[in-house]
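Two complexes follow with chain A in common, the first pairing it with chain B and the second with chain C.
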Partner chain A sequence: MLEAVLRRLGAALITLILATGVVFLVIRAVPGDAIGEMLGQSAGDPAAEAALRTFFGLDRPIWSQYLAWAGDLLRGDLGISMRQGMPVAGIVFDAFLVTLEIGLATLAFAILLGVPLGLAAGARPGGIADMAVEGFTLIGLSAPVFWTGMVLLILADAWLGWAPPLVYTPPDISLSDNLEGILLPVLALGLLQAAAYAQFTRQQSAALLRQDFVRAAAARGLPWRVVFGRHVLRNIAIPLVTYAGLILVQILGGVVVVETLFGIPGLGRTLLAAVQGRDYPVLQGALLLSVVVALLVNLLIDLAYALIDPRVRGA
Partner chain B sequence: MRPRLMLLIGCALCAAFLVISLAPGLFAGPPDAVAVARRLEAPSAQFWFGTDESGRDVYARVIHGAGTTLGIVGAAIAIAGLAGGGLGALAGFAGRLPDLALSRMADALLAFPPIILGVVLASTLGSGAVNSVLALSIIYVPVFYRVARAAALMESGRAYVEAARTLGHGEAAVLLRHVLRNVAPVVALQGVILFPLALQIQAALGFLGLGVPPPTPDWGASLQESRNYLTVAPWLATFPGLALLLAALAASLLGRALQARSG
Partner chain C sequence: MPYPMIDRRTALLAGAALLGTRPALAQAAADALYGPDDAGARRGGTLTVAIANEPPNLDPFHQAGDARTAVTVLMYQGLMYEHASGTAKPLLAETMAVSDDGLTYTFALRRGVRFHTGQPMTAADVKYSYDYVRNPSNGSPGAADFGAIAGIETPDDHTVVIRLSEPNASLPMTLTNRFGCVVPRDTFANPQARTRLSQQSVGTGPFMLQEFRPQSHIRMARFANYWQSGQPYLDGILFSVQPNAASVLVALRSRRVDLALLARPQDAEQLQGQAGLAINAAPSLRQCSLDLDCNHAQLRDPRVRRAIALSIDKHAVMQAAIGGKGKVLGTIPAAMQESWGAPIDTLPNQRPDAARARALLAEAGLADGFAMDLVSIIGFEWMDPAAVTIAQQLAPLGIRLNIQRVELGVWLNAFRTRNMRFTFNDWGTQPDPHILYYRHFHGAPRGADFRNWNNAEADRLLDAGMATPDPAKRKEAYVAFQRVMDESVPTVMLYSPDLVTVAQARVRNYVQHPTGWWFGLAKAWIAA
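Our next item is the complex of A and B:
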């Protein structure tokens, strides 16, 4: 068990190193950087440009820049933003907390809506509920998430005469303003992920219904609710819990467009701003964080499987 | 829904989108005709989907946008399928070092959330249709790679591969003539399954201003332009979004039906 965990950790670490290497290469492969824009009025002054390049280490070869960055990283230092002049760690972490709030709220919504729908559909495959839920998942998964957000904005205006603020208020300043700001983004992301959850739940329960032990229970004459409750629900719980991790990773990735639409200063918008302003340190930090979170969640899923399900532990 | 019905509806919708993409002129007038006096008009008998902020026909822009949007996604899926599928088949068949090296690289790319990778690649490469295709294909090469590698690994252990070797066929011939032929359908099916996902990313990039530059009609870019008129002219956002939804739905139906058929 311990050996498997260590091997899994090692693989994740190698992936991380390669991934950060990819980032380093890709973002430096383009002409133009933040230096030119930082200089502003003094553009064309070679001395000032050289001084800035040396300060940010841009005059060194890429591998040397990478090693310096990785060395600082190990000490918990992600560098200084070229645009904002503040430590990247703080910028990225603050943005991540905003995104995490939205991510967790979305996950809660997706589970509360998606799991009951999936169970209702899975309990009687081919029934009316099943067909209705299939329609919901097909449309929910096909609609672009930012478009769902736009439609919600249109409907909020048309039906309620309500124009959401499109600014983000931190929950410690005003909880009600905070909730007002994240309501529609969470709803837009949540409808998509609820569709994903419903589909997954339905697939899992349909697969279980075909299993011999479930069919045997039904054949012994047990009432349907006992068959479904005792044999299906109990076995479905494990994949449903671990699916939450997968969905959370998807939400944290998909949030970038929704954050832009609703004016939320989360990780996605920070990343977009950094990419457009060629703010390498912030971009690297934000990408690193999103990759680390994804790898970490995937690792936790595997571990959770091993802990909850005795059948996996032996393997 | 029964797989047969799904296949039928999926095929019909896909065929309709294909015809519209290839010959938009049959269904609508020019996408760039400007009637300044008639800007932001609601849908009517003359302008089915209304007009936009410069007085252009939204219906014509949606129809002509199909070729841009679906063309970019289709080209990206095809390129990623060929590159990723080929590399995956090679890795699964050859094993050892090529497999290890390629798989690690695929893992590194797969570690990024696709949309984030798309944003970074698209803004690095710059806007334009060709660069959009490139960015999208890079995102999906590792996904195709994984699928093709698994399929090739499975096929390589089959008796017919051993039989071909026993008959004296070289490794290259076994790979190209036997293994690849059985991996190809799996990769093709994966392409249909990935199409709606790639479409979402293409639309998102267009919405973020990282896709094709204006005035080229593109569904995601149209949604970006509609942002300032959401409540004044809701039809601007409604129709390009519906087109995206319908196209994704068509591919999903086809993918699900084919998946159900192949088990």
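Our next item is the complex of A and C:
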């Protein structure tokens, strides 16, 4: 087990190094740099431009910039944002906490809504519940998050005269203000993911119901409750956990849409602003963090298997 | 017009004039810094302002963008103030004296001014700040504007003498609040200065920075030791960064914000009749324009450029782009037309004239027309409908436009490297013709000539306008310059979108400055 984890960590490290290198090269291949935004239409003074380029180290060759960045990284320093002048570690970490909160809340919502719906549908394929859930998944999966968010925003305004607070409040300052702020974003993202979850759960449980051991259990005269609870539920737990990991990574990646729509200062918007402003250090820091998070989530899923499935524990 | 086209200041002045009472009071209101004082103002409260355009940072020395200046004018001040009337008035200076040769400016500093750090402002701070900006190795986008300064002296703590290498009538306007801010000496000696400026303000302005959370908000608090006693009226301001124009409207309707400047002036229609919202439109110093790179393909021929100018119906473009909520331009932004503009009806190439346009193209040997890219910038909503309209307007001439949308960073890169081609542009200015024209249109190295215009006559007139201290003669030079521009067409200024502010009824005494910056909040207050 330990060896497997170590091997995975080693592979993850190599992925990480490759990813940072690619990001470093690709973003610099895009025309324009942070100085463009700084000078705007007041550009035109070559001396000032050269001075800024030297200040940010943009006058050095790319490999030298990369080595300097990697060297700082090893010392735990992600550098200073070119646009904001603030340390990248702080910017990226603050933003990530916001995104993580929304991601976890969305995942919880999706599981709490999607799994029961999927189970209800899967228990009696073709039944009324199944058809209703199928309708829900169809709508949930086909409505773009941006659209869902807009509609929620408009409906809340029109029906309740309510709009989300203007400024995102971290939960440690005021939990109620925080929840008020993330309610609509979580709903908008969560409906899609709950639909996906319901569909997945339904497929898994419907497939299991056709398996021989389930039919055998039913044939032995076990009550439906026991067949479903002991044989079906336990066996779909593993794919459901895998799916949770996949969905979490997907949510963290797709959250930029709701962050933009609802003005939430998360990692997605930070990344977007960094791309637009060519803020290389922030971009590299944020992508580095995203890669680390994706790798960690995968690792955690593997560990979770071991907890749920005795067969994996022995391997 | 569905909403009043008179701004508050004009209304106030007109009111005083009509009644024939106390014109001195009206004059005082017009001269007042940032807006009229209000003896009946109620103190206290925090005003919430929605902004759609977020500043990357709050460093008044290293960030050219309007989004930065719009908010830093409340925290940092220059020696002078860019008054809405178009003249520079003393701000941190008390008086300004100019020598006869126009080369020496002597400023007596205002007494009792303190920085947000607590220390008193002296002449040494002014010298430090301006020496910092004008030294190109410090990388300030304002360096070029300060290029005429040869030296700064401080005979005593309250006097600053600025010597120029050549006369420059725009110096007072240069020392205003965009790049002319005064900070404590040695601010940038601290290696953490850039980080610090996003966390605390070090200016002399009426508000100090409390918190800056990128992608979210900026909080400012009243500066207790502000030099103008009794000001400002507000305890604080919360600038909330809104992700898009629609969310600004929602926030206004749900009363989550007190005040907003609409990014799309036509959105005012959607708020019409909403109880408790006051909508106000004022002319701006911004311009939406079409730039012609005079070193690009067929645009090298001035006849082709003039033919394009003669084919564009600016009213139709403005209608399509912003629902007509603006002013059509000639050769200068709307808020400067009266003070510095060549009268539009005296310019021969400002109205569509299909016959002349066709003749010019034929003369240039392009009777059959040609194909060209028209560059529009992603994220600037007005450009897409404007592009379609202009493509239609140029089609009868045989000019086939292919609309190319580019990302802002890519566009800025092309702009900076003088590779603009045929493109839309959207930019603002302070109310001075030298600041407006010189960098954009004067040949290198003194100007940046972004459009590769390379026009000696234009350069000569711009130099004359800069060197002439007499306002009437200055205007003559700039009007002559505008005639050259009208004839040779390095740019087609389309329109200035109105500055449409929307405020809840409880917001009082807010006057919108034509730059679009938030000066007016220094005099605004909240009714109980």
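Operating definition for what follows: the second predicted complex is superposed on the first by the 294 of 315 C-alpha atoms of A that agree within 3 Å, B and C clash if a C-alpha of one lies under 4 Å from a C-alpha of the other, contacts with A are read in each partner's own complex, and residues count from 1 in each chain.
Here, a residue touches a chain if its C-beta (ideal position, glycine included) is under 8 Å from a C-beta of that chain, and two chains touch if they have at least 3 such contacts.
All figures in this text were calculated on a predicted structure; none of them were measured in a lab.
Participant: I'd like to know which partner A:D45 touches here: chain B for first, chain C for second, both or neither.
Facilitator: After superposition on chain A, A:D45 lies in contact with chain C alone.
Participant: On the A-aligned overlay, A:A163 touches which partner chain: chain B = first, chain C = second, or both, or neither?
Facilitator: The answer is both, since A:A163 touches chain B and chain C.
Participant: Regarding the shared-chain residue A:Q276, is it in contact with chain B (first), chain C (second), both, or neither?
Facilitator: Touch partners of A:Q276: chain B and chain C.
Participant: Could you look at A:S176 and tell me whether it touches chain B, chain C, both or neither (first, second, both, neither)?
Facilitator: Touch status of A:S176: no partner.
Participant: Using the superposition on chain A described above, determine whether A:L153 touches chain B (first), chain C (second), both, or neither.
Facilitator: Both partners, chain B and chain C.
Participant: Return first, second, both or neither, reflecting whether A:T260 touches chain B, chain C, both chains, or no partner chain.
Facilitator: Both partners.
Participant: Touching A:V23, do we find chain B (first), chain C (second), both, or neither?
Facilitator: Touch partner of A:V23: chain B, not chain C.
Participant: Do chain B and chain C touch any of the same residues on chain A, and if so, which?
Facilitator: Comparing the two interfaces on chain A, one with chain B and one with chain C, the shared residues are 30, 150, 153, 157, 163, 260-261, 276.
Participant: Residue numbers of chain A touching chain B in their complex, please.
Facilitator: 11, 14-16, 18-19, 21-23, 26-27, 29-30, 131, 134, 138-139, 141-147, 150-151, 153-154, 157-158, 163, 249-250, 252-254, 256-257, 260-261, 268, 271-272, 275-276, 283, 287, 290-291, 294-295
Participant: Any idea which chain B residues touch chain A in the complex?
Facilitator: 1, 104-105, 107-109, 111-116, 119-121, 123-126, 196, 200, 203-204, 207-208, 220, 223, 226-227, 230-231, 234, 237-238, 241, 244-246, 248-249, 252-253
Participant: Given the complex with chain C, which residues does chain A contribute to the contact?
Facilitator: For this pair, the touching residues of chain A are 30-33, 36-45, 47-49, 51-52, 55, 80, 83-87, 91, 95, 150, 153, 157, 161-163, 165-168, 259-266, 269-270, 273, 276-279.
Participant: In the complex, go through chain C and note every residue touching chain A.
Facilitator: Of all residues in chain C, those touching chain A are 48, 50, 54, 56-57, 59, 62-65, 136-145, 194-195, 197-199, 213-217, 238, 240-244, 246-247, 250-251, 253-254, 256-257, 407-410, 412-416, 425, 427, 439-440, 444, 447-448, 450.
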